[in-house]
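Below: one structure, written as structure tokens.
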Amino acid sequence: MHERRFRLFQKKDQFCNFYHKLSSSTEMSKELFDTRIMPVRDKMYRYALSILKSPDNAHDVVQECLIKIWKKRQMISTIDNPESWAMRITRNQCYDWVKVNRYNLLQVEKTDQADISSADQELLFKDREAWLNKIIENLPAKHREVFHLREVEELTYQEIADILSLTLGEVKISLYRTREKMKELINKLDTYGLAN
Amino acid sequence: MDSRTKLLLEKYWRAETSTAEERLLKEQLGTVQEASAEANYFKAIDRRKQQVSEISFQHPGKRIYYWYVTIAASLVIGLLVGTGLWQRQQSSSEYTVHDPEIALELTRNALLMVSSGLNEGKDLSTYQLNQINKPKEIITNKNNSNIY
Amino acid sequence: MKKGIFFIVLAFLSAGVFAQGEVITSYFNKYADNDAFTKVSVSSKMFSMFTEMEAGTEAEQEFLEAVSKLKGLKMVMADSIADAKALYKKATADVNKAGYAELMTVADPDQSMLFSIKENNGIIEELVMVVGGGNKFVLLSLYGEIDLKNISRIARDMKVQGLEDLGRMHHDKK
């Protein structure tokens, strides 16, 4: 009698196709994470830094964000703009972190100022970079974020609106006001010869 | 500063520039040896862009759930079921399929695999009665009962 | 902390029920960092979505019936590993050790297969399938209320429906 051979995978390619379908969905998520999320981690860091003002804390928060996103990586394929999504998560994570750690966003500045002698302070104002950073840090949170996302990260108004849950109009107005203020300050400092 | 740049700058202060125009402005003022206050402003912004932090990320896998396993294990010695439960809670979520279409396809294929296997096994057992006794017993028993 | 205590107490109280899926979960963990193994989990939420679907053909009806009482599906698969047979042996040993009742084993020079179940009050709560051979390995766990008759029907109907259907699901390259 002809020996009956058992074959679970009847058709030659049955297992292969099944397997590929299976692994492609899991591979796809991993790939999407590596190609869409990982490249923006520096953006996320700078953004977190603009909110938290502390490099160490910003670093930690972004790590947490990456872990969170990794766990939800299967969802990335369903999202239109993963980069904005990642930035939004960063923002939320920052503010959650602030709440949990009862972090005082203003505190960081105060201690900075206390440690600097008056001679150094003058130097600080002559340094255009430090000057700009000081101005930016003193902006109200929302305006500061809009400014940062536009000037440093070069995001579109729509992307900024999505990340901050604002309307396009609100983004434009915020930016307009902030830039107006910058222009004023530049002129003022120019007059005093400090901006050069 | 040439007139074209001046115009662009005016547009910029009114927040009417596009991202492309802003990039152009930054190029013209931010990197060139301009000595104006505006140039310094753009240079300062450019500096802010340089902030990076070495953020490395290894696909985490085991790292996180181990924390829960350690807590569970330390609370009750040798509670295998407990840690078993924890492992299920933590690790499965990473592999959950979110797309219903894919989930359906996978389930269909998986059941087909299982089904084929069950059928093959049954057929084989009737074919080679002597070789495979135990499975045949179980199968014919289960087939005859109405529990399932 | 509190979550941990809660679950451990729950585990004590209902050790039988909660011991579901432990073998496959341990394999999820064992191969978590190994990309040669594909790991997949289909949740009960997904399964409840399936029940809302309509069946077009008879085969689909059978499928939906089989699926209607299922709660979850977990799989660990590999298609290019060196010693599938050895892994099969280990996996089957693990399944037996975990207290599953062997339903059927078929051993063939090329491919071996094991079906085991976990029963509770006459209802099959979990079906585990292990297949190993060539370079391929599959460990599959199906749980919920499992009706073997319904599931068996799926393949038979597929055969009846002919190659076209199979061609649709698994691109037939012949």
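Here the chain labels run A, B and C in written order, and each chain numbers its own residues starting at 1.
The rule is simple: a contact is a pair of C-beta atoms (placed from the backbone, for glycine too) under 8 Å apart; a residue touches a chain by one contact, two chains touch by 3 or more.
Bear in mind that the values here come from a model prediction, so they are computed numbers and not experimental data.
For the pairs A-C and A-B, the count of C-beta pairs in contact is higher at A-B.
Chain closest to the overall centre, judged by the mean of its C-alpha atoms against the mean of all protein C-alpha atoms: B.
Measuring from the averaged C-alpha position of chain B to that of chain C gives a distance of 23 Å.
Annotation: 41 Å between the Cα-based centres of chain A and chain C.
Computed centre separation for the pair chain A/chain B is 18 angstrom, with centres defined by C-alpha atoms.
Residues of chain A in contact with at least two other chains: 6-9, 18, 22, 25-26. Residue numbers of chain C whose C-beta contacts span two or more other chains: 39-40, 75, 106, 113, 131, 170.
Across the assembly, chain B contributes 59, 93-97, 105-106, 109, 113, 116-117, 120-121, 124 as residues in contact with two or more other chains. Within the complex, the chain B residues that touch chain A are 12-15, 19, 22-23, 35, 37-38, 40-41, 43-45, 47-49, 51-53, 55, 57, 59-60, 64, 93-99, 102, 105-106, 109, 113, 116-117, 120-121, 124, 127-128.
The touching residues of chain C, when paired with chain B in their complex, are 1, 4-5, 7-8, 10-12, 15, 18-22, 25-26, 28-29, 32-33, 39-43, 46-47, 49-50, 53, 63, 66-67, 73-75, 102-106, 113, 115, 122-124, 127, 129, 131, 138, 140, 142, 146-149, 151-156, 158, 169-170.
Those residues of chain A that touch chain B in the complex are listed here as 4, 6-10, 18, 21-22, 25-26, 30, 38, 41-42, 45-46, 49, 55, 58-59, 62-63, 66-67, 70-71, 74-75, 77-78, 128-129, 131-133, 136, 148, 150-152, 154-156, 172, 175-176, 179-180, 182-183, 186-187, 189-190, 195-196.
Note for the complex: chain C touches chain A at residues 38-40, 75, 77, 79, 106, 108, 110-111, 113, 131, 136, 166, 170-174.
Of all residues in chain B, only 59, 61-62, 65, 68, 71-72, 75-76, 79, 81-82, 84-89, 91-97, 100, 103-122, 124-125, 132, 134-135, 138-139, 142-143, 147-148 touch chain C in the complex they form.
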